[in-house]
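There are two complexes below, and they share chain A, which is joined by chain B in the first and by chain C in the second.
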Partner chain A sequence: MAGYYDIDDILAEEELVPSVFQHDANGVGLFDSSDDTDKVIAGSRAELPFWLVRELYLRQLISIRVPPCFDRDSKTREEIGADAAHVDLKSRCAYFYTLGCKIAPLIGDKTIGPFLLVAFRTRYREVLIKAHTLSLSVAPKYLILLTNEEAKLYEAGQSSIVAFKKWRMGGPRFQMAPVLGRKRKPT
Partner chain B sequence: MYGRKASELVKEFATSEPGQLSTFNNDLYSQVLEECEGHLLHLQPLMRKIQEHENELKDKRSSEDATEDSEDERRKTEAEKTIIQTALKSDQFGALVHHLSLVRNKRCLMAYVYNRAEVVRSLGWMVDNVLPEEIDEKLSSSEKEYFKNHVATLQSYMSELDLHLTVDTVPPKDPYIKVRVKEDIGEVALSDQVANLAQHAIMFLRRTDAEQYITQGQMEELTS
Partner chain C sequence: MSSASEPHASAFSAAELEFLAEDELIEIVPNLRMDPLNFISGDFGPFRPQIATQVPLWLAVALKKRGKCTIRAPEWMSIDKLSQVLESERDSEKFQPLPFHYVEISRLLFDHAREDIPDIYMVRSLVEDIKDVRFHKIGTGLEIISKERTYALRLKNLSAMEANIVRPFVTRALETLYKLGSSEMIQESDTNRQPPQAMNRGPRTTSRKDGDLILGNIFDINSSSELLLMLRKIIDKDVRN
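Let's turn to the complex of A and B:
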């Protein structure tokens, strides 16, 4: 499990999973604020964040549906199968791989793992090529397709290219501390 | 939705550029704390109710053991028991949701503070013991305290070792480098000379002397 303080892990667990309550819950009013009985009845549907879903699902208090992007006969699977590198994954799930890895053992769907692997393998190649060759002006168009994990890889690839160029050209070895760099007005 | 505000707080940290700090979000931070109070308020009565239900169930069970009832009555108590059990489970469910939300909020708050503290610590290595104003105003008062103490610890450790650890983080090629002074610094005693560091002056200095000025942005290194 990722670290307790891991920002990305925290944000990945914020992704919503469609779930159905299997049991009444008292004193929980916030899911549906129009209701003032302060109660959720069995059978109601809600999209719950993953951090809540895991514990409740293990106790069989809710049942869940696989998020649409992992679903066995969803459009996403077909698109990944057709041309993985150009699917806009970010808008479907910003932490596609992290959430996938968390949700697969929970629901015991054996097809999610290989699916993630195929998606990553094809997309990683593209990410690496683009990171090394794309000029800064075209990059934003491509970046919006990437999930947060891929964007990190992209940045890593780019910074290694920058470091390589710097090494080849030579240049100042001392630099101003990066914290002092931006003198933006505090908002 | 529960835990939404806390995740906003974390998201805010995540979107700021790595190594940079944004202003400590006191407002949102206290809102999350308030939400935690709210969860506690919900949790306590639920816990009380759970306790009550459990006691009731216990009573029912013991009275059942004591008396020999007719078929009818036994069925009746059985039905009552199921009702209590369902109510018990609903309360437990609710309590669990509040408990999980509390744990989640705690994690978000801790992560926010911890990751900021990490940046503050790294500042101690980059800028000498005084924080520039534009960064200083972004820190909360306890973070300022933390920075001060961290720098003091670092300083005392370095004086104990008699070694300046914050210089030469990049291995030097040549003991002297050419620099241009960007801001008026004035007459300064360096390790090998007393130099007048006036603005735009181009000088040949020892790397160790120049390094702290460069990291603070008062000089830049010139390469030929």
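Let's turn to the complex of A and C:
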């Protein structure tokens, strides 16, 4: 388990994956709220978080349908092929790459790997340019297109530039210890 | 991406780099008489009026602030040298050799020893220009990372400050590229088609016929102060077909 304590890894596994139950299941009515019987019948569809999907799938209790953003003939693939840099990936899957890496071996779709690589490679350039040139006020518009992984990257680039600029400007370099800031009581 | 290494742990702050840069030696002409100073880093002095001597930058600045010396601008900080560097910096792809801490040193000197540097305005704008040209080059250089499968990056003559600025971004980007391009993600897609080729992917291939550098994995970058070095590219054009 790489990154057991890694919050991003945990959040990535929260992403919902569409799946189909292969067996009836009692006591899990919350997955399928359409009836009151507190059970899910075989063949019904539900969106489950990835961490659950993985376990259930390995026990062959459910089957996975490829999430729309990775699907072979989905719109996302076409859009990535056309102009990867301006696709709004965040709204489709906030942890696009992490989830992609995790789900690919599970469903054995061999085209997902190269697809992710192409997507990242094209978008990387855009992130790089924006991180180094964009002023802070314009950034938010662009940021909403980025998945969380890309946003991290963007921030890493941006913050180091900002820190450097700040250093160049000079200004007060000494910080006063909070204790010293207090006014002494006139005695 | 879950990162194995703390992304920011390796980065210095600009002020820390400035601190490191203060250990560089510089020549001063004292106007006081003082015995040699014995520091852990070495003995400096003796100080005799009008006799030049080498001291660390921090000492030079401290003496300067008290009006006890004049600082001699380092050799590279002259109009001739700098315009030459700027020229070749613009002409060639490569980075010109400059002191490792040139950004920090020049800033310290401009701040504290303004009147000791001949033609300060010219020198200052030259240094600025050089810095801008180099930063721009770094930016364009990083774009090529994305063209092929890149696992490491070699930037020769990069200065401390420049390396420090790109480090958080580059290490993360390479980590992600590495992860996405790693054999388990990619190889599967074409093992059945051309198994012999598959031997050639992976982060640690040895000996290619053109004998280029082999690097370890991308995490080396964090540790190398001599600069980011290494990464290697495995070129295989047909991965995607």
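As a working rule, the second predicted complex is superposed on the first by the 162 of 187 C-alpha atoms of A that agree within 3 Å, B and C clash if a C-alpha of one lies under 4 Å from a C-alpha of the other, contacts with A are read in each partner's own complex, and residues count from 1 in each chain.
Going forward, a residue touches a chain if its C-beta (ideal position, glycine included) is under 8 Å from a C-beta of that chain, and two chains touch if they have at least 3 such contacts.
Keep in mind the model is a prediction, meaning the values are calculated, not measured.
In the overlay built on the shared chain, the residue A:G157 is in contact with chain C alone; chain B does not reach it.
With both structures placed on the common chain, the touch criterion links A:L61 to chain B but leaves chain C unconnected.
Of the two partner chains placed by the overlay, neither chain B nor chain C lies in contact with A:L143. Of the two partner chains placed around the shared chain by superposition, chain C is the only one that A:P105 touches, whereas chain B remains out of contact. Look at A:L117: by the touch rule set out above, it reaches chain C but stays clear of chain B.
By the touch criterion defined above, A:D24 reaches chain B but does not reach chain C.
In the superposition on chain A, A:G170 makes contact with both chain B and chain C. Using the contact criterion defined above for the overlaid structures, shared-chain residue A:L11 touches chain B, although it does not reach chain C.
6, 8, 170, 173 are the residues of chain A that lie in the contact sets of both chain B and chain C, per the superposition on chain A.
Per the touch definition, chain A reaches chain B in the complex via residues 4-8, 10-11, 14, 23-28, 30-31, 39, 49, 51-52, 55-56, 59, 61, 170-183, 186-187. The touching residues of chain B, when paired with chain A in their complex, are 1-3, 7, 10-11, 13-14, 19-21, 23, 42, 45-46, 49, 86-87, 89-91, 93-98, 100-101, 104, 107-108, 110-111, 114-115, 119, 123, 126-127, 132, 134-135, 137-138, 170, 173, 177, 207, 210-211, 214-217, 220-223. Listed in rising order, the residues of chain C touching chain A in the complex are 1-4, 7-8, 11, 13-15, 18, 107, 111, 139, 142-143, 145-147, 161, 164-169, 172-173, 176-177, 179-181, 184-186, 188-189, 239-240. Across the complex, chain A meets chain C through its residues 2-3, 6, 8-9, 97-98, 101, 104-105, 110-114, 116-118, 120-122, 124-125, 128-129, 131-132, 149, 152-153, 156-157, 159-161, 163-164, 166-168, 170, 173.
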